[in-house]
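Each of the next two complexes has chain A plus one other chain: chain B in the first, chain C in the second.
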Partner chain A sequence: MFSEQAAPTAQGLLAPPSAEPPTFPRVPVLGYLDCSQPFQLGERSFSRQYAHIYAVRLAGMRPGLERCARSQWGNDIVLRKLSELQAGEKCCVVGTLFKAMQLQPSILQEISEEHNLVPQPPLPKYIQPSDELILEDELQRIKLEGAIDVQRLVTGTILAVYGSEQDDGRFLVEDHCFADLPPPLPWNGPSSDRFVLLASGLGLGSVSGEALLSTQLLVDMVTGQLGAEGEQSCAAHIIRIILAGNLLSQNTQSRDTINKAKYLTKKTQAASVEAVKMLDEILLQLSTSVPVDVMPGEFDPTNYTLPQQPLHRCMLPLASAYTTLHLVTNPYQANLDGVRFLGTSGQNISDIFKYSSMDDYLEILEWTLQAGHISPTAPDTLGCYPFYKSDPFILTECPHVYFCGNAPHFQSKLLQGKEGQRVLLVTVPDFSATQTACLVNLRDLTCQPITFSGFGADNED
Partner chain B sequence: MADELYLENIDEFVTDQNRVVTYKWLSFTLGVHVNQAKQMLYDYVERKRKETSGAQLHVTYLVAGNLLQNGYVCHKVAVVREDKLEAMKSKLSTITSVHVYSIQKALLKDSSPLYNTDYDIVKSNLQHCSKFSAIHCAAAVPRTPPDAPRAPAQSPQSQRDPDSAGAVNGHGPPAAKAPPQQQRGIMGMFAAKAAAKPQDTPKESKAEAKEAPGVSATSSKPSIKNNIMNNFFGKAAMNKLKASSVPEQPKEEKEVVKPSIAVAEPEASPNTVAEKPGKKAESARIQQKDKRSKMKRVDRSDDEEERDPENVKKKRKRIKQLQSDSSDEEADVPPSPTPEEERAPSPPPVPALKTELEPASTEGSAGGRKRKWKRVLKSKMFIDEEEGCMGKTG
Partner chain C sequence: MEQPRRITDSFPRRLRRRGAGRPPGRLKDKKDKKEKDKDQDKVQVKVRDCSRSPSQHPPDPALLEMLRRFDLSWEYGPCTGITRLQRWERAQELGLSPPGPIREALLEHRDNPDVTYRWVWDGMGG
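Right after this comes the complex of A and B.
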């Protein structure tokens, strides 16, 4: 546990000044390797259609799925493409799921004049009992029914179904399976306590200032200013901080300048400018003391489609002077002291949340791992770059720590896989709402939340 | 004794100045380790309470510890008022630290004054905000300015050398660097511009320092002929070049910076070619070779120096104040306008803006004086393409 050994000296600073107080050196990072090259886009061209990404996704995941299908239903099952289906024959088909949802926001419906529809207001969930599942492969599609949970699944998932085609043209599913956890990575973790702090949703630039003191306390604790000596020496074991997105608050995204008349907005500055300056100062304080990885999120000034490219260093002039600041992509993958981290800023999980009956972020996180794909709903409902050579969101190796940012609350779970995979799943809560960050101990893959609080006028703690 | 001084200081801060004294603020103000500051605050509170029982002191504490919450052992860090201290301590299963967070005369309704105090003191000490902290990170070293902007800063510099030398292969060291830098010229310019902004001050000084030796080496060479390269210098490069120009008294070179356009200038060699096709005026510089160019003595030193800060500040500004030395320039300039009409290949709107470096006829390049590239805006007609320009450069 973080700083439990600090307990004996807890009250040490309630004393007159003593002699030279100790300074603890920050535990250095032994090995850091940034593995997010697949998520870094160089030249971007949007001239391709999105059908290619589905095609490469299916092609990329098909072998793994066929293997899983064989191991689950026997080696002698018949694998068929949809075009080869014969009525009544029990077989296994691998394909992409498509969920036809009535409530799914459709731009075509919105602009269609004959309907004269007011655009649908955003709903927390778009699922309905009348949704249908359709399986598509390279050439055909077929409606699915049977032992398959329509509400739970989302578009874009690659899965294998076992069943038979009915006379009415639908496929009756008896069982289905996903790609399951990817193959495990060897474990080279450290033998002593080393912590990585995961935080997301700092939400700078918001109108309310409640979380500001908590942010300051977070920075102070990590940089070793806060706390008694024991706690400071424990904080020196924090080897890295990963900020998983939404450094700016949603308030900075107001698009007044588009809607209002120019003479009203001519001299106003975008809210994000001030917020980024504040972010720069906070990152400077952090960078002078600990390596920081900054991932962009939904409300940050970078591109909208996944994979989001790193924030540009020109926005952070003070902090980017330090080599300890790393601006990274979203999703982000890295090897830290032999432990493989993989995580996103939460857009993938929250998008699945909207289109599935799963309510728990941790459950969704685990499900994406089981389905073998970070973000199956991209590009259908989540913006995505039109990849055509390969889909970088397919999980090929099982990470040791798999996190998502901007979750409503903190949850963590250590998942054990069939092939010996050990994954720590962490949902990093939104700091501006919960004032909670997470500390992951690399030695034993445990995670502990840290909460910061000030005192408010209402006197509650 | 000397140790007691801090007590008086704190007393003054709290009672006389009515400040909110947080441990961090005290640590920066007195220049002591944060832990010492916390202990000083504690000491002060204890003594003050002992001597004057009616002391109007309100103290906030920081409490941290473990707490079982939602099935997780959560580590909680909280700033609490004195009256809630015991309540918070009892809630925590393990206490890992307690110390004084701040002292103030008035009772605080909420914690925003604490935040504001800390924010202000950190803001004024941004460059060494971890100086008094208890953790020191060896890996946190600032990038050296040449590295930070990723070579673009270097390219303008090195480009300058060959330029000043005139012939690309004029000098060993610069020559060696010349070819690669020239390729990076344009990129260098951009990068230099980008880099120049955050780093103007340190860069300029460094650049100047660097330039001086390099340039003096090349000063002997009449650089004149190679205006081709001139266009690739970024503003930062220009600044540095200015510095170097001082040592190389015989000639001053001006470089025309073409931010985005390669000026295929056939060097109006003796002339300063100034052109600024619709781009920021600043980037255009004139290159002059004094040797050949009979006229222009670019007096960049003086004007440039003054200009420099403005240039630096307002990188994007395309119009500089018109210089009043048109008369001087007229004499020299006659040849220049023609070659100056180089337009960028890209179709900018009528550039019409020429910037020329002011001939240093009067000022003369004083040796030893750092020269800055000074851009003199000739009183030529120009199209106020501000929006366009801004858009372009943006």
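Right after this comes the complex of A and C.
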């Protein structure tokens, strides 16, 4: 795709320089609309409890789920609330899922001194065979058993179960369904090749500088300073770059200085200061040439709770002079040339990974789309702002490109929905580990990885 | 015995804006007020909020009872942490059709903190 167009002109590098060097103007941006207003928080008030967000999530997703339940199990099924259940009657109940997990880190257990327990070390997965699923609606809760995969599901999912209540008070599930893909958006994509570069996990400020060469190669390729005329003309078709989180590395988060005495740490600078300066210089080189959207991630200097607010422009004095630099929120939604992009920096997917038996990031990404919610674990195990009016993470329209950042590998899949939805699912890999970024072609919704490896110690060259 | 003299005879009480307009000496804020303290607080309310129109009458207990029942009805979601008007509008947007007279009463008495604010349990905050 990208390189096939570039390859034939590679011989141009061996030719004498032409009298007038060819110029490749970058393809102009036809339309850009930022749709992430629901994720932008104005004034924040934390004096609320999280019951509101669960209540709004259930009330908001209930009509869609009832519709799905009727279409799947017939129009004549009985929809009941938990308080109206009768033993033995086959009915359908819509509610929020709660998974009672023994290994789930609990702050109460940690601070409980009478147990004299050492706090549990962070595990890659917290699932156990003894986990139980409980369905809750507005008033009651009931244990679920039967044809439902306990290990796979996570807390906070809204689903509809079909079955009957047993004599011992548990609900025997015969079938269950999720909200399914949201209604499709009309397709207004471009008719010629236009590429969007997705990269995440630049990891600046880390101890090893190996990824810096790859980052510089990425910048040089996009700004057209790399390759022969073929590569440069291809790079001119890149209309946008989206940096999906973790611009700073985890090393910048070290809290050693907090425990040391002040007089020892007076002259030391936080590691993130140097890293942000590097980020500023990289973004300066990028924004002189192409529009850049910068999303914050887990280790970036912004708030911890989802939705993460944009980085402040005072941190990037050189780059923010350019209007091509857009600092955006963590779940980010935008219309690029008629194609709807929606994505996160990966915290939601990695949180589901920890509490579910699903191992594949692409599978989890597809599952969140089927469940109709970007991050169902949000207030439970992932920090979230206490919304009260509406849950902005509910998927109301089906995006054309749905991505998540900081995945272990690159994967992509084109999903076809029942109502004609076409979604390209992309897991953007961690650039500091894999040196790979993704190029999405907006014309036909295909995606290809592009790797910038430098010369490693074990390479032969 | 002559009437006990008060210091306010020599130094008349002046209205002073203190924080959110609380009278001096009250350490706890209005979250602690219960309905039966309404009469006690009315004196302070008069001193505190002089800027309010004098024709505004206090809401009658039947209205407050109706609002309390609106708070406790589970159909419209949790009631703590948000004002009653916010809860009413949220219920409206979710299509739960909350009763109209409640909204009119809330808008009519929007200055009265007993009416607008979230219903709190005795002694605890929202």
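The rule is simple: the second predicted complex is superposed on the first by the 458 of 461 C-alpha atoms of A that agree within 3 Å, B and C clash if a C-alpha of one lies under 4 Å from a C-alpha of the other, contacts with A are read in each partner's own complex, and residues count from 1 in each chain.
In this section, a residue touches a chain if its C-beta (ideal position, glycine included) is under 8 Å from a C-beta of that chain, and two chains touch if they have at least 3 such contacts.
All of these numbers come straight from a predicted model, not from anything done at the bench.
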Chain B and chain C placed together on chain A: clash or fit? fit
Practice prompt. Quick one: classify A:389 as touching chain B (first), chain C (second), both or neither.
Written response: second
- Task: Answer with first, second, both or neither: which of chain B and chain C does A:451 touch in the superposed model?
- Result: first
* Give one of first, second, both or neither to describe whether A:138 is in contact with chain B, with chain C, with both, or with none. => second
Classify the contacts of A:420 with the two partner chains as first (chain B alone), second (chain C alone), both, or neither. neither
Between chain B and chain C, as viewed from the CA centre of chain A after superposition, lies an angle in degrees, nearest 10, of 80
### Query
Of the two partner chains, chain B (first) and chain C (second), which one does A:31 touch, if any: first, second, both, or neither?
neither
- Query: In the superposed arrangement, does A:88 touch chain B (first), chain C (second), both or neither?
  - Reply: neither
In this superposition, the partner of chain A with more touched residues, chain B or chain C, is B
Closest CA approach of chain B to chain C after superposing, in angstrom, is 12
On chain A, the footprints of chain B and chain C overlap at residues none
Within the complex, chain B is touched by chain A residues 1-4, 6-7, 9-11, 13-18, 20-26, 28-29, 209, 212-213, 216-217, 220-221, 223-236, 281, 284-285, 287-291, 314, 317-318, 320-324, 409-410, 412, 436, 439, 448-457, 459, 461
Within the complex, chain C is touched by chain A residues 47-49, 51-52, 55-56, 59-60, 63, 138-139, 386, 388-390
Interface with chain A, chain B side, in the complex: residues 3, 6, 23-24, 27, 33-36, 38-40, 42-43, 46, 60, 62, 64-66, 69-70, 72-81, 84, 87-88, 91, 94-100, 108-112, 114-115, 118-119, 122-123, 126, 128-130, 132-143, 148, 194, 197-199
Given the complex, residues on chain C that touch chain A span 74-75, 77-78, 80-82, 86, 89-90, 93-96, 125-126
